[in-house]
Structure formats: C-alpha cells, structure tokens
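Each of the two complexes below includes chain A, the first together with chain B, the second together with chain C.
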Partner chain A sequence: MREVAVVAFGQSRHVRDSAETSEVEMLMPVLHDVLARTGLTAGEIDFTCSGSADYLAGRAFSFTMALDGVGAWPPISESHVEMDGAWALYEAWVKILTGEAETALVYAYGKSSPGEVRDVLTRQLDPYYLAPLWPDSVALAALQARALIDAGLTDERELAGIAARSRAAAAANPYAQLRGAVPVGEPLAAPLRTGDCPPVSDGAAAVVLAAGDTARRLTERPAWIRGLDHRIEAHSPGVRDLTDSPSTRLAAERAGYFERPVDTAELHAPFTSQEVVLRRALDLGGTAGADVRINPSGGALAANPVMAAGLIRIGEAAARIQRGESERALAHATSGPCLQQNLVAVLEGEAR
Partner chain B sequence: MSNAAHKEPVAVVGIGQTKHVAARRDVSLAGLVREAARRALDDAELTWADIDAVVIGKAPDFFEGVMMPELYLADALGAVGKPVLRVHTAGSVGGSTALVATNLVAARVHRTVLTLAFEKQSESNAMWGLSLPIPFQQPLLAGAGGFFAPHVRAYMRRTGAPATVGSLVAYKDRRNALKNPYAHLHEEDITLEKVQSSPMLWDPIRYSETCPSSDGACAMVLTDRAGAARAPRPAAWVHGGAMRSEPTLFAGKDFVSPQAGKDCAADVYRQAGLTDPRRQIDAVEMYVPFSWYEPMWLENLGFAEEGEGWKLTEAGVTALDGDLPVNPSGGVLSTNPIGASGMLRFAEAALQVRGQAGAHQVDGARRALGHAYGGGSQFFAMWLVGADSPAA
Partner chain C sequence: MPAVLTAPLVVEFPFTRSLGPVQGAFLTGLRERTVLGVTCQDGRVLVPPVEYDPATAEELSDLVEVAPTGTVTTWAWNPAPRRGQPLSTPFAWVLVRLDGADSALLHALDAPGPDAVRTGMRVRIRWAAERTGAITDIACFEPSDAAPPATGPVPHDGAFADPVTGITAPARLDYTYAPGRAQSRYLQALTDRRTVGERCPACRKVYVPPRGACPTCGVATDTQVEVGPRGTVTTFCIVNIKAKNLDIEVPYVYAHIALDGADLALHARIGGIPYDRVRMGLRVEPVWTEGGRFPDHYRPTGEPDADYDSYKELI
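Our next item is the complex of A and B:
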C-alpha cells in the first residue's frame, strides 16, 4: 500500500456567528494557509475533495459555490461528500492509494448560525418514525448519557471533569471558540448541563495529503496515515446499546490502532458522555490508556463546526505529530445520532 | 500525476434498477433503495454478506427533505458494520458515486463494493428544493430549464443548427425508451409532430424536450479480478474514469462547451487508450436532460468537431441502429430520478458491453461511455467500460 501523509493543516477561528462572512469568505484564508504551508498552488493539487451539508446553510447545492474559494480554473479533479470532512479525507486517501493522485486538498466547513442546529439535525433522523417527533441532538445525547449513568459506567462528576479538562486544554488553542475555565453550567437536558454540550459554531478546516517522497519534499515531518477505516451502525437509537460503540472499535481495529500504543487521541465527542463511550470502545483511560493525552486541542467541546469538526480532529492529531509533540496518534470522527457512524485514523511520525 | 500501474482492475458484475415512475407511493425511501440493491445482488448472484462497503449518492437532500439519508438507510442497504460513503456532486452525483466505489476496489481497500444512487422526488417537490432564497440566487431563473435555455440558444446561434434538431433527439430517446422496461416515460403514441407541437416552456426548449421527474434507484456491484472470475454473467470492465469541476459562473466560461467536460473526456480516453473515440466507442449513455444537450455534448465529448454535433443527430448517427447510438435506454429525457440519473448512464453503458441490455441492446457493443454532468454545467463524471478486461 502507498504511504500517504498529512502534510499541512489549517482551520478558521471558530465563532458563534459569522453572519458577515459567506462560506467562501470563511474558507479562502484557510485554503490559502494550507497551500502556503506546502508551497503548492491549487492548480498543482491532483485531487480536491470537500465535506459539507446543505441543511446547515438551508439551501440546495450549497457546496457548489465553495469551489470558487479553491480557484477551480483551469478545471480540477474534484469530488464532494455530504458528510464530515473526515470522510472527504478518506475519499482523497483512497484516490491517492490508486496511484491516480500524488497530492490532495481536503476541506470542510459548517455554519450553524443560519438556523437552529439542534432542530436542523433532527432532519437526519428516520423521516417516517423519528423525525416527526423532532428529538433534537441534545435530547438524544442526554438519553445516551442517562444510559451510561444507569449502567454505572460514569457519573455527573466525571462528566463535569471531562468538560473542565477539555476547556482548560483549549486555552492553548487560538482557534477554539470556548477557552479556559467554564462552569458546570445549568441543566439543559438531564443529566446533561451546558458544560457537557458543545458550543454552536461556524468554522472551516483544510488538510493537504501527499504520497511518499512527495510528502517528504513538502514538509519536514509528515504525519503518516498508517490506517484509516470507518463503520456505521443501525440508525434507530432504540436498537443499539448506547453505552457502547462497536463501530468505533471495529474501525480502530481495521486501522491498526490496537497494534501499538498511541500517545495522543483526538476524539470527536461533542458531548462529555460520548467521550466516555469512545474511551471504553478504544480502551482509553483505563490502565492501558493512562498515558494518552486525550483532546489536547480542547476537542469538539471547545469548538464544534458541524461537518468540519471530524476533519479538525485528524488535522489536530497530524499537527501535533508535525510539531514533534506526538509519535503515534489516533484521530476519530463521528456522524449521526448518538455516535452512529465512526471513523478512525492512526497517524505516525517518521521513525526516529 | 503519478502512474496508476498498480491499480486493481475493476469489474461491474451486478446491475439493478427500479421501474422508474412519477411516484412510488408503495415503498418508503428504504424500500426503494433496497429494491435496486437486491436486483444488483441477484444479478451478481451475491448476498449482502459478500459486500464489503457501500457508496451511496443522490442529489440535494432537500429533494426528499431528509438530511444525510444514508444514516437512516444504513439498515436497508445491509450496511450495518460496514463503511458507508455518501457522495454529492450535484447532477453528476450518480456517476461520481460509481467512480468513488470503483476507486475503493482499484486501490484494493475493498474487494466487492455496492454502489447505489436514488431520488424519490415524490417525497417532496424538486422545484421547491431548487428554489433558493434571495440573495443566494437571482429571482428569475425559473428552474433548471431557465438556466440552460440561454446556453442552448447560444449553441444554435454559434453553429447555425436548424431549430428542428432538438425535437429529433426527444423523438429518438422517447422511442428508445419504449424498448426499456425500466424507463419512466413509455409514450406509445409518440410522433415527431407531437414533440414539435408541444408547449414552449423556455424558448427554445419545448415541453417534450425536457426530462420528467421520477422516483427511482440504480445499483451496481463492483468487484476485483477474482470476483469477476466467479461472476455468473459477463462483466463490464472499467477502462477509465474521471471527474472534473470548474466554477459555475465566471467571465470567460464557455457554457456551450465547458472546458471541464472536454478535459474529463480526454482523461478517460487517455486512461482507456482510445485515440479515435468516434470510431472506437460503440454506444454512449449521455446525460441529456434537455434535448439540445445531445448535439452540444457530442462536440464537448470529442465525437464531432465544434459546430458539427447537430449534423450527426440529423443524419441519424445517434439512433439505436446508427453508427454511434446515443442513449439507447431512452436516457434522462425518458427517466430522471435526478441523483440516480448519472448512475443509470454508467449502468446502461455497462449493460451494453455485457450484452444484457435486452431490446435496446446495441449489436456487438464492446466499448461504451457513461457520462454525467451537474450544477451549471460545472461538474462532470464519466467512465468508459469494455467487454474485455484491461490489459494487465
């Protein structure tokens, strides 16, 4: 299999409301940033892939205009997933593996501010049985948190600790939306309090991938993708064990995560309770994972631009490797209600 | 770009589609996609357990009112425990989806992949789904036809094509559809006069020169060389596939013959080793939602010199029994479940080279082109399939 690495990562400063900037305006500085880091122009990129969702903007084909931000002239080889950008990165990774591309630009963006994201995400649910009831994303996460507490797998005190740790970590992240100490917060949907839930965010991110020696040429320390896999579970929360995430475990296994310990884990857990589920699925936080730095970026609890938050986890893990702060890292992205679909990437620095 | 010498050859071994109709009120979204997927598996004589991954595509989620429906459809597609990718590249999505699935096999990430595209337009209202609020869109575009009609007029003015060419295409495609049991429109009593006297919608595009709104799904099973060896029926082999995009609107864009379409076709021919596509390709399934796009794309795809495409149409070259049959299935003009329309082009091309196209089979078809486009003639996806496996 060809060697493929993340060679550059960039993101916007995530904010609650970016009404004054369009998606293209939000995206362009980020795209220019990652291209500048590699010295490549858009025209030198072999393949471009993006992730976004029409429902956030409230209009069909919302991604078509974003292409203007790339500078798609002369015409480029390009594709788009109606998913988090982590899956766009997966498509680009596959494209490089075929040998048809040597480099790829991956970007993702999400503006939650045009609508009410809790309502919007209800439209993801089964349209005949679930969606008409409008159970919002916080309510569904609260059901999951309640199941965890009832099973004796966590308590509100531990959840509050996760929130505090995440936001303290975000203090060192200039792109995060919520930084530094945040109180436990008011009850939002029992047992979740505001501190257990992600901020509503607008933001964008981009990554450049490259193969083998091209990666070595473009950056001093590529973050090699050693494994990448994703799996989906049944849709209805009623037919799943919400305290477990078998799809995360399977994806991690297929990505080679369990072969050797990692030192960093960037988990896409918008709710504190979901971090508990993921840690259990990945055997993190027990004795085996005691030395792993979980979400040093602050994670989705500090900034959660929907459709970009998963790609940011891969970018943050890769950037940590590129800075020499990590040797082997796990990055995770999720989609769907209560962690229905999960992606795992294992990244490594060059053996030193 | 590096060479692709290490790619696994990819074969289409199963094809399934629904009978396309205006409204499938008897099935849910899940029921619709499962019907096409089941037929593709049956064609390949495989079970759900043989599928390693699912790649699904459709046009905007607003067409059914379900955000990211692949999440809800995971169960219906037998995908639980598997990877699912959801592609969306506007009208070209059916083609792009098939190409993403092809790459999974070509890269040897998976051995056997199910790819599916659908649209159930009756769940919602496509005109509403496309009617964007100001300031995102000018208020007077009046649907897709309103966007494309000026480009058709530009083509007529540029080439001097007579006004009758569009109706010839519509008449041909609707007659071809009579031979395709899955096609939506079966106009048994169609005549050229009826097409020519149908109401003018967006001058010069008449009602009978436009595509219908359909409910439907299309699915394919793609597999590697070993999988093809076990397949019960002939495989269609992928000899080339490419996507190209350019911005929707910019000064200097050629809406009549976009550069992205030309580049995409050239890339596919290069991969397939074709030097004279007009003679080396036996059948074309082309994305023609408005009749005039047949002569326009004939030029864009390199089958005719600039300004000459309409002459091929007029001379009957693109008829089912012509030298270069275009849309033997009846095409988008007869069947348009938007998100699936591109995949139907790809699948019909594969049916032709497998010799499985039934009454609309082109005799002795060995190489066929599947073509899709989307947005404001902005996104292109194409593949070339052949009856022979690519040289190792």
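Our next item is the complex of A and C:
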C-alpha cells in the first residue's frame, strides 16, 4: 500500500468572534502558511478537499466562497464534505492511496459566531423525532454525562479535572482560545457545567498530505498515516449505550491502533464527559494507556471551531511527530450527537 | 479601520417531509394518544419505532402498542429553555424507556427542579391539548407513581382513520451576518455612491464586488480601485416572472455589467429603456434613489455602444 503522510499543518488563532473577517479572509493566511511550509503553490497540489457546513454560515453553498482562497482558476480537482475536515482528509487520503494524486490540500473552517451554535447543531438531528424538540448539543452531551455518572464510570470531580488538565495544556498552544484556569462555572445543562463545555469558536485549519518520497522531499520528518478508519452508530441516542463508543473502538482497531502503544492521543472530545467515553473505548488511562499524553494541545475544550476541530486533532498529532515529540500518535475526530460517528488515524514518525 | 458591518439574517423554512408506514403509524398514533413501537427480529421493541433495525438493517414493520408510562434512563437539567424546546420553564431533558419498550425516547420532563429528577424515576406522557401527528403531540413527560402494566406490548395493525402521511417541521435560525473586510469596504464606499473594486497584487485584475481573495491566484486582494460609475452590458436576460415582494413590472432586464476599470462584471437591473431594446455593448450608468444604499438600477448613458472586443473577456 502507498505510504501517505501529513507534511504540513496550520491553523488560525481561534477566537469567540471573527466578525471582522469573512470565511475566506480567515482561511487564507492558514492556506498560505501550509503551502509555504511545503514550498508548494496551490497550482501544484493535485487534489483539494474541504470540510465546512452551510448551517454555520446560514448560506447555501458557503464553501464556494472559501474556494477563492485556493485559487480555483484555472480549474483544480476539488471536493467538499459537509462535515468536519477530518473526513475531508479521509477522502484525500483515499485519493492518494488509489494513485489519483501525489499531494493533497485539506482545509476546514467554521464560524460559530454568526448564529447560535447550540441551535444550529439541532438541525443535524433526525428530523422526525428529535429536531422538532430542538434538543441542543449541550443537552445531548449532558444526557451522556449523566449516564456515565449513574453507571459509576466518572464523577463531576473527574470531569472538572479533565477540563483543568486540557486548559492547562492549552497554555502552551498559541492558537488556543481558552487557556489556563477556567472556573468550573454554573450548570449549563446539569450535570455539565460551563467548564465541561467547549468555547464557542471561530477558526480554520489546513493540512497538506503527500505520498512516499514526495512527502520525504517536502518535509524533514513526515508524519506517516499508518491507518485511518471511521465508523458510525445508530442516530437515535435512545437505542445506544451512551456510556460506550463501539464505533471508536472499531475504527481504532481497523486503523491498527491496538497493534502497539502510542505515546500521544489527540481526542476530539468537545465535552469533558466524552473524553471519559473515548478513553474507555481506546483503553487509555488504564494500565495500557498510562504513559499516553492525552490532548497536549488542549483539545476541543480549549478551542472548538466546529467542522475544523477534528482536522486539528490530526494536525496537532502530526505536528507533534514532526517536531520529534512523538513517535506514534492517535488522532480522533467525532461528528453527530453523543459521539455518534468517529474517525481514528494512527500516525508515526519515520523509524530512526 | 471602519467599524465591522453586521446585519440580521434569518433563515426560515417549513420543511415538509413524507412519512413511511412505520413513522406514519407512530405519529398518527400519538395524535390518538396511542404509543406504537416496532418489534425487531430478536424480539426487542424500539420506541420510537424505526423502519430498519439499527443493528441488522432488516426492514421492520411489526407494530406493537406500548404503555404511556415509563422509566427515566438518563436526564439532564435544562435551566434556560431555548426557543422551540418543549417547555418554556426550566425542565429536564430525559430519555424514557416506555413500559414494554427496549429503547428510549427523548423528550422533556416537567419537574420543579433538578432535585425532583433521578434516573429510574417513573414518568408518564402528558399529551398536548391539540395534536396533529407529530412528536410534539407529547407535550412532555410528568412524574407518575403508576406501576408498569402487568401485560406487555400488544400487537397493533397501525391502522387509523385519516392517517398522517407527512409532517411540516418549521425551522428558523437567526444569524448576525458580517460580510468581512473586503465586502465591508465595498458596502461603505457605496454609502458615498462610489463603487470600489479591489486589485489582485499578483494578476492585477480588479474584482467588483471584492470578496477579499483573487479566485485565480488565491491571494488577498489588497488595493482599492474606484470603478465606474459607467459600464457596459456584457450579457443579459429578460425576466418574465414577478418575484414575491419585488415591486418591479415584468418583463424587465437583468444584466451583467462590466463597470469601467473592473475585470469582473457585476449584475443589476437595467431600466430607462424598453426591455426589448437592451443589447450587449449597451453603455449604462447607475441610478440612485433617495436614501438608497446601492444603485436601484442602471440606465443607458446615450453613448455609442462599446466594441465587442472591449468587453469580450468579461462575458
């Protein structure tokens, strides 16, 4: 099978409100950043794929506006997923694996500030039984958190600890939005308090992928994608065991994660309680995962640009490998209510 | 740097959806205060019912009636209800496994406070006074001391008089639209009745209206260039359908207009000339109305038509 690596990763500084810039204005510096790191021009990229959502912008085909930022004339080979950019990366990875491309540019962006993201995300729910009730994203996560607490799998103290650890880690991340001590706050949807929930963020990210020797030529230390898989569970939260994430476990297994230990895990857990579910699914935090550094970037609790936060997990894991701080890392992205859909990538540095 | 421009933007749509035999029977049943589930091959009863088994993907159609009482399997206290949610006073979101069901239904529970809610508590459906065949026919759940019925779910043929075959689900989202730097500069110049494009530093093309990026080069447009006010019709169409809320007599002409100095044509209505006399190459100028924030339309200047070669690259 062809080797594919992340050769560059860039992101914006994530902020609560980016009203002064349009989507493409926010995205363009990030695109220029990753291209500059590889020395490639937009025209030299074989395939471009992006992730975003019209409902965040409130406009149909909003991604076409952002396309101006990659220079889509003369015509380029381009695709878009109406979901997190991690799934755009999956599409680009397949494109390279099949020999259709040698290099790929993947980008994702989301501005939550124009609307009410808790309301906006209700529109991704089943339109017959769920969406008419407008259950917001925090409420759905809180149902999952309560199920975990009732099952004796966590408590509010551990959740607060996850929040504190994440934001302390984010202090070293210049792109993060919430850094350092954040009060646990009032219950937003009990048992979740404001400190258990992600900030409302605007931001963008981009990744360049390349195959084999091209990757070695473009960067000193490629972050090789050893495996990548994504799995989905039933949409209805009422038919699932909310304390478990079998889709994460299966995706991780198919991505080769369980073959040998990782030293880093970038988990896309916008809510503290979701990290508990993911750690259990991935056997992190038990004896097997005791040495794993979880979310050294601060994770989605420190910055949660919807549609980019999953791609950022892959980018952060890859950047850590590129900096020589990790040999083998897991990156995870999620989509849908209560961790409904999950993607797992396993990345490694070149054997030294 | 001028202040960031913003404007309210409302996206609102009454989504109409058709229902299949399973969902149709369930929602019709709610209208009749009857709760239906569907039986899987392994005997589990799913409420709310689905058309395909989430585990095996087998098509499901065996309906059963379950009780309007059940048990809370998990819950979350909602101190500040949001628009559209089932109750306007603080309430608990709950997943409820109705008696006879093996899966849980999401809804609201009316309770005085979080201390009155716990996993495992018994609840019953409070029906909406007016029911139409929708999930909101369940107004909410309320605490109940009723014991589970002695008998299990009973088969139901799903047949009702006047069955519901579709739902209309209104959706409204409120946004504050912010156009960004380049479009803000464009809109602010328009308030002085000036049309400003922006030039790409790489290919030198002038885009109007500017969106902040050159789609050819993928770089930021950075230099403002005043264009027009006059321009040339590059292509046009005749509109024969009257748009809702638009007070313009049909037929009228909508055209692409290459403003002098611009490398991209913008579009606007042409007035001041019979619709069937508009032509490619026609020279036009903007017409502003009192208090208008953009040109109401463009009208002929009376100049000779432009040579085709002068605008052929902009069509």
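Just so it is clear, the second predicted complex is superposed on the first by the 352 of 352 C-alpha atoms of A that agree within 3 Å, B and C clash if a C-alpha of one lies under 4 Å from a C-alpha of the other, contacts with A are read in each partner's own complex, and residues count from 1 in each chain.
Going forward, a residue touches a chain if its C-beta (ideal position, glycine included) is under 8 Å from a C-beta of that chain, and two chains touch if they have at least 3 such contacts.
For clarity, every value in this text was computed on a predicted model and none was experimentally measured.
A.B. asks: Touching A:L242 in the superposition: chain B (first), chain C (second), both, neither?
C.D. replies: The answer is second: A:L242 touches chain C but not chain B.
A.B. asks: Who does A:E78 touch here: chain B (first), chain C (second), both, or neither?
C.D. replies: first
A.B. asks: Now for A:H230: first (chain B), second (chain C), both, or neither, which partner does it touch?
C.D. replies: Once the two structures are laid over each other on A, A:H230 reaches chain B alone.
A.B. asks: Now for A:G310: first (chain B), second (chain C), both, or neither, which partner does it touch?
C.D. replies: neither
A.B. asks: Return first, second, both or neither, reflecting whether A:A145 touches chain B, chain C, both chains, or no partner chain.
C.D. replies: A:A145 sits against chain C, while chain B stays out of touch.
A.B. asks: For A:V120, is the partner it touches chain B (first), chain C (second), both, or none of the two (neither)?
C.D. replies: both
A.B. asks: Thinking of the overlay built on chain A, is A:G110 touched by chain B (first), by chain C (second), by both, or by neither?
C.D. replies: Neither: A:G110 stays clear of chain B and chain C.
A.B. asks: Does chain B (first) or chain C (second) touch A:F61, or do both, or does neither?
C.D. replies: Touch partner of A:F61: chain B, not chain C.
A.B. asks: Quick check for you: in the superposed arrangement, does A:E100 touch first (chain B), second (chain C), both or neither?
C.D. replies: Touch status of A:E100: first partner only.
A.B. asks: Which chain A residues come up in both lists, the one for chain B and the one for chain C?
C.D. replies: 55, 58, 65, 67-68, 72-74, 120, 123, 127-128, 131, 233-234, 236
A.B. asks: So in the complex, the part of chain C that touches chain A is made up of which residues?
C.D. replies: For this pair, the touching residues of chain C are 1, 4, 6, 9, 11, 15, 17, 19, 23, 27, 46, 48, 50, 54-55, 73-79, 82-86, 93, 95, 97, 103-108, 114, 119, 134-136, 167, 169, 171, 173-183, 211-220.
A.B. asks: For a test of understanding, state which residues of chain A touch chain C in their complex under the given definition.
C.D. replies: My answer: residues 19-25, 28, 31-32, 42, 55, 57-58, 65, 67-74, 113-116, 118-120, 122-123, 127-136, 139-140, 142-147, 150, 186-192, 233-234, 236-239, 242.
A.B. asks: Contact residues on chain A for chain B in the complex?
C.D. replies: 1, 46, 48, 53-55, 58-61, 63-65, 67-68, 72-83, 87, 90-91, 94-95, 97-102, 120-121, 123-128, 131, 211, 229-236, 246-247, 250, 335-337, 340-341
A.B. asks: Which part of chain B faces chain A closely enough to touch in the complex?
C.D. replies: 1-7, 28-29, 60-69, 71-75, 79-90, 96, 99-100, 103-104, 106-109, 123, 129-130, 132-133, 136, 242-248, 250, 258-260, 263-264, 375-376, 378-379
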